[in-house]
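Which chain is which? They are A, B, C, D and E, in the order written, and residues in each are numbered from 1.
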Amino acid sequence: MSSMNDGRIALQGLDTTHGAILYLEEISVVFDGFRALNKLSLDISVGELRCIIGPNGAGKTTMMDVITGKTRPTSGTAFFGQTMDLSRMSEHEIAHAGIGRKFQRPTVFEQHTVFENLELAMKMDKRVRPTLFARLSSEQRGKIEEILKLIRLNGSEQRLAGLLSHGQKQWLEIGMLLMQEPQLILLDEPVAGMSDAETARTAELLNELRGKHSIMVVEHDMAFVTEIAQQGVVTVLHEGSVLAQGRMDEVQADERVIEVYLGR
Amino acid sequence: MNHPTLFSRKAWSGIVAVTVLLAALPLLNLFFADGHALHVPSYMVSLIGKFMCYALAALALDMVWGYAGILSLGHGVFFALGAYAHGMYLMRSIGREGVYQSDLPDFMVFLDWKAYPWYWSGTDSFWVALALVVLVPGVLAFVFGFFAFRSRIKGVYFSIITQAMTYAFMLLFFRNNTGFGGNNGFTDFKRILGFSISAPGTKAALYLITLLVLVGALLLCRWIVTSKLGRVLQAVRDSESRLMFIGYNPLWFKLFVWTLSAVLCGIAGALYVPQVGIINPSEMSPANSIEMVIWAAVGGRGTLLGPVIGAFSVNGLKSWFTGAFPNLWLFALGLIFILVTRYLPRGLAGLVRKEQA
Amino acid sequence: MLQVEKINQYYGAAHTLRGVSMELEKGKCTALLGRNGVGKTTLLKCLMGVLPVSAGSVKLEGRDITRLAPHQRARAGIAYVPQGREIFARLTVEENLLMGLATHSGKKAHTIKGEVYELFPVLKEMLHRRGGDLSGGQQQQLAIARALLAEPKLIILDEPTEGIQPSIIKDIGNVIRLLRQRGDMAILLCEQYFDFAHELADQFIVLSRGEVVASGAQAAMNDPEVKRHLAV
Amino acid sequence: MLRKLFLIACLCFARAACAGIAPGLLAPLAGDDPDARVEAIAKIGALANDDATRLLTALQSGDVYTAPDGKLYFVTDDKATDVATGAIGPLPEGLDGLMVNNRLRGAIDEALSALKMFSPDRVQRLAAVTELQKSATLAQAPLIEKALGKETDAEVRELLRLVAATANLQSPDVTKRRSAVEALAGSSNASLRPQLQTMLTEDPDASVRVAAAQTLQALDSRLARTEFIGNVFYGISLASVLLLAALGLAITFGLMGIINMAHGELLMIGAYTTYLCQLAFRRWMPDALDWYLAAALPAAFVVTALVGIALERTVIRWLYGRPLETLLATWGISLILMQAVRTIFGAQNVEVANPAWMSGGVTVLGSLVLAYNRIAIIVFAALVVGGVWLILNKTRLGLFVRAVMQNRRMAGCVGVSTAKIDMMTFGLGSGIAGLGGVALSQLGNVGPDLGQGYIVDSFMVVVLGGVGQLAGTVIAALGLGEANKFLEPVAGAVLAKIAILIFIIIFIQKRPQGLFAMKGRSAE
Amino acid sequence: ADTIKVGILHSLSGTMAISETSLKDVALMTIDEINAKGGVLGKKLEPVVVDPASNWPLFAEKARGLIAQDKVSVVFGCWTSVSRKSVLPVFKELNSLLFYPVQYEGEELEKNVFYTGAAPNQQAIPAVQYLMSKEGGGAKRFVLLGTDYVYPRTTNKILRAYLKSKGVKDSDIDEVYTPFGHSDYQTIVANIKKFAAGGKTAVISTINGDSNVPFYKELGNAGLKATDVPVVAFSVGEEELRGVDTKPLLGHLAAWNYFESVKNPVNTDFIKKWKAYAVAKKLPNANTVVTNDPMEATYVGIHMWAQAVEKAKSTDTDKVIAAMGGQTFKAPSGFTLTMDATNHHLHKPVFIGEIRPDGQFNVVWKTPGPVRANPWSPYIPGNEGKQKL
């Protein structure tokens, strides 16, 4: 149940005493008899950058939907830190608790300017009254400018976001994510529709964020995944559960992964 | 459209000029005798007084529709409830001057009621009535909105249940036994706060208060929509789910404007009733609420000033047409609605903007 | 096959395409390259007729189609796979595929060729699921299948590999190669995935800020000059 | 029809055997004393001859006239037949219709049914007996028993038995009374209740009281069942009306997203087209008047479809993608259409009569009358829904329609002429509204405001069912119809309506996307 | 000014246009008639027609406009009680004159209003008396069926009190209301049937407006005949019956102060003039127009006002009011009607008619002469002695 207080900045820190920030346990999601997720178990450590790959329809997006509260799991549990049961929280509570997400299809506020998009996303008390009286401090303004530069939309900050090209929207969405300063970042195909050069820049950016945030990235661009996975763990999903897990080179060599995903 | 500079410099000067002009009307009516070149007929004054109430309602509607994208087809109920709340006080002020010379309003005497029902208690006090004007529409809107928004009812589904609400209230108020005078409603008021309601001075005062409230509400609304909250509202309108994923709970934002809008609408109703002299359940008919939407749409939603202009022009035209071409006016009005939609997608306000650009 | 001559396009006051010209040939695949926001999608939309051009002309097999509506162009033989898939979310997969046959008539309009299922087996599995319920990649496959069913003279692909798993990208590459070999179709491929484009294209065009800044045969794609226009 | 035939037969028969009725019996009929008139009727009825039948039938249909001299005449065309003498002559001066009021009419009906009990025509007898059921008195018992003795038809016999029992309820003979009470256990005649109720407490005989209790119980349970079935029927009937009113909107609003405030006026135009068809038939084909609906259906469809297409081409096509603006424009259209009709046809209602085959109803379970026009409309609604479903789901046109409504731009890109589809879809929705209008004209008033009465309900039905969900629209209409008809007897029409509205509000809380909500990603 | 302006305040659009449009036309015809005879005080009457569009607050606004802007001397208008209530304060404030031509619930007396329609004792009570009489069928049980608003509710309250005074038990009275615009009378008709099984029953209908057609259609199709359960209506006249196939309704009743079918020279003349006017002005359906009670009341009202102005030699409100008292007029109903000086209501005859297959009414009962109005019904407690202005 939502309370009058939701939207307030989470005061108590996230309990990550066991080193993991996200635990998924035996999550299943069934749509009209179709199992999109099948007893999926997965956990992400604090500060980890985890890449998730897997065939189209494996359930990657569905998994993110479960984590962010968009889809309720049919069974299984999802915990953020030790104490927060994601399956009992609503979307905005989860977002406010510190999980940020970039969607597979870029979703920005099309009728707002680029600047306003970032301003809305900015980490702050998001209840009604504070929002009504909110005025941008110069520090906050600086932060927005900084992000604008980072996503290379400075100069376009007064344009309506709906008028951006596909790739520009992708960037704007990443920018909004950064404004939120989440502890766990979920990126669903962040470089889809970006040119190779842009992809490289994104990889750079992620490498910079590594360690400061916990990050989960879903991508089909193997070059990009290789670039950011480095020596970390890559998880391969297939038909709603984990097919393989390991370093990128291990996974790429896995026969089953080649069979269902990479192709010969 | 949604930039902090909601009104241009020109618009501001326009607002000031129009306000001054409107404020002058009742004074010209009072201080210059009929026949004098500067005399403004009292008919005109009362007409504009009524339009200002409509304008306030349209403004209230614009807050929810134009900004938060919540199309209410039931704002008539808030308007009427505000009016009824005030009307209760006005009815009690009639005292024993009703046809039955009773302390109770005539319709209650007629129903053999011996005392006021509980929900009339306290309404002999102007201040209690004033509180009810705000509270009744406010609480109704809050409760209704809370459940509807919590269930994530959106779009036409929301619109239709607001329509169902106003329709249900209309039928309820039509019943004699509900205790609000059935379909005749309240009328034949005599005085307000001791002043005769038909005295020119009282009328001028009511008019000026209405003007003050309208301008005040306009400024308040402008302040809200240009705040960050205003941008959140527009985000609710455009993509509510996206807003949740960045940590806002749309429920409270919607509930805030929704309730505010209902209260403004209730106040509009409360100002309306002494000036027009009657309140009855037909104000809650679905068609009346749709008309409010029409005012906002004609003026241009999401512009605050537009709906105000829309309310004035639609009602002004209606008043003029129904007198000047009683048989043809619906053709003219209908045609205007069609032409505005076709050629002025942003309403009359869009026209002004276009010229400026 | 398709001649584009000096087309210009504006979004309001923003001049998005500036005198773009190009020529596509039957049996050839042309890659359209460029950074984000340079106007690639805009150009494709102009070819499809979704956006009007303010100046210039588009000719299909010599016939001027500059002023034709999208459906007329589709009937003239252009098929389009838009960026963002644009499948019909509430139609089933099967109905979406049938929509690909909208330009056909008679029996042909009701038969979905088995080829597409071979190419995209997942579609066959999900024939009765609503298009909008599919995963992103599945939708992309559906959009390509829909365009192929139209048997067009010119197929326009706007970033067809976006969101698709590597093995299927390979398959799509094979299809394009096959279509090229069949030689009855012109292919316009807008692609960010350079290697993919490089492998398939016969010729290329690079856009920058709405202008064609480089073009040529496939061999020239690796020129540093070209690469420079693609770099950040 | 049959009745008419019989009447003609009667008249011919009467003319042949012109015996005349004593002027003494006729005189009071033209007089001022109502009691004397009623008495005279009873006496004439008691004559039980063909002249009596002829006179009574003519009185019943208002074909008897009085001359200033107090003589009575049958008038046909320009000939007057003296009732007393049978002499045929020219019309006398100052002829005036013999005034028949309800009381006299009742007496005539009673007299005629007593006469007709012995008619050779089974239908006549059945009608007469049914009529008698209402009023059978002990005095009539011998007559009824005589008829029972002669009766050969099983159905009429059964009814006569009940009538005889009804008459015998007042019999002083205990056994007769008891067997009458027992026989009535099979009756469904609610008007027996008060009498049985009285017997239950006041009959001197205990066994009669017991029998009365049993019969009452049987009667009550039968009545309760009849009432239940009646409510179900009324609910379905109301649902069919809601459905026909809403179906066009389910297309223009549900599918196309146009908040079509002029929908009601399309219904109205359909109804006025029906009116015009009726006028045309009356003027040019009076013999086929009963079939004017057959012409009205296609005519209304075409006319409203054309109006719809004209609206789409001139106004609505500019508004795709701006659904809320359609509210404003269509509101304007609605004002114009209403005023146009008011200007052409006047502000008053026009008369649309049910064709003869749709008037009246069939009586089932003893007392439940299922009106023919209601039955016809239920069947019609089912057919229209079926048709629409087929078009939308089984034809290529339907596929295109759904595709265009979901993604107009992409539909164009695959080669669908969206403008054409838009036009056809709106035309189809409007045409169906026209068909709805034909149906509504058979139930209610046809006036410029006809549409206003249905617009709110139509939107409720479409939205409750889930926008764009044909099946939902059907279920919603049924649900609302039944809920209304089961609530109404309990709460009254006003509170029932309020309850329904509150129900809608609460229901939407549970199903924020309507009854048949689209689930999953595709709904976004 | 060389003309006298006269306001006409009837809805020409919206729900009430159905009833009120023809009142506007009759008013214009009457004004033409008076002008043809030289007008009033030697001046022509100039009608000012406005459309209050069935919107009650708009009625008040338009009334104010007519009086204050157009400076009319008198206003003829309104139909529903609520519209009258809405304009009342305006007429009082600006001390002007309203002529109200429709039967209503009473409980009102205003110096500035002349009521040319019936008060309950001029319509409802006689109708019930008739139904209870032997001739009327000797009804013992009553269904009071109305649209849910003040006029039916008040009328029924009066009738209930009246019936009680005649010894009718509460259990023999069924009071049923439907919302405005109700169009599904299946349940109600079935319930009437059920109720009627308990004894000789009559239905007293105060259904208003659009609901009448569906009600009567249902009645006809359900086979509820007037000989079984007569329905007497107070808001159904010739005009309303134009929209119904009346064949199945033979014998159902209405009570009014005028029927088109009453035969007398004044009425013949009135009908002829109206038909000619309709044709001349090309009114819609000009060849099938009918007259009805409120139309007659309008006609009478305008003539009486003209007479009063002549008498007062002025259009001044107070002078005209003074002159109105005791005015008489030979009305199409066949009687000479008198304006009561003390209560501003007409003395009117009461007719009860049965519906004929041609949509007209057979007068089956009438009062011997005009009846004085009792706006304050004695059947409502507290009304005693409240018979004067």
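Keep this in mind: a residue touches a chain if its C-beta (ideal position, glycine included) is under 8 Å from a C-beta of that chain, and two chains touch if they have at least 3 such contacts.
Worth saying up front: this structure is predicted, and the values here are computed from it rather than measured.
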Reaching chain C from chain B through chains that touch each other, fewest steps = 2
Chain nearest the overall Cα centroid | B
Highest-count interface - the chain pair sharing the most C-beta contacts = D-E
Identity of the chain that, by mean CA position, is farthest from chain B | C
Of the other chains, whose C-alpha centre is the longest way from the centre of chain A?
-> E
Please compute the C-alpha centroid of chain D, do the same for chain E, then give the distance between them in whole Å.
-> 29
Measuring from the mean C-alpha position of chain A to the mean C-alpha position of chain B, what distance in angstrom results?
-> 45
Expressed in whole Å, how far the mean CA point of chain B lies from that of chain E is 35
Residues of chain A touching 2+ other chains?
-> 31
Which positions in chain D touch two or more other chains at once?
-> 338-339, 343, 452, 494, 497, 520, 524
Would you give the residues of chain E that are in contact with at least 2 other chains, written as numbers and ranges?
-> 12-13, 148, 177, 179
In the complex, go through chain B and note every residue touching chain D.
-> 71, 147-148, 151-154, 156-157, 160-161, 163-165, 167-168, 171-172, 174-175, 241, 286-287, 290, 293-294, 297-298, 327-328, 330-331, 333-338, 340-342, 345
Chain C touches which residues of chain D in the complex?
-> 396, 399-400, 402-403, 406-407, 409-419, 468, 518, 520-524
Would you mind writing out the residues of chain B in touch with chain E in their complex?
-> 41-43, 46-47, 50, 99-100, 106, 109-110, 112, 171, 174-176, 182-185, 187-189, 198, 276-278, 280, 282-283, 318-319, 322-323, 326-327, 329-330
Spell out the residues on chain C that touch chain A in their complex, using ranges where they run on.
-> 11, 34-38, 41, 83-84, 122, 129, 133-138, 140-141, 159, 162-171, 192-194, 230-232
Hey, which residues of chain D end up touching chain B in the complex?
-> 259, 261, 315, 318-319, 322, 324-329, 331-336, 338-340, 343, 452, 456, 459-460, 463-464, 467, 494, 497-498, 501-502, 504-505, 508-510, 512-514, 524
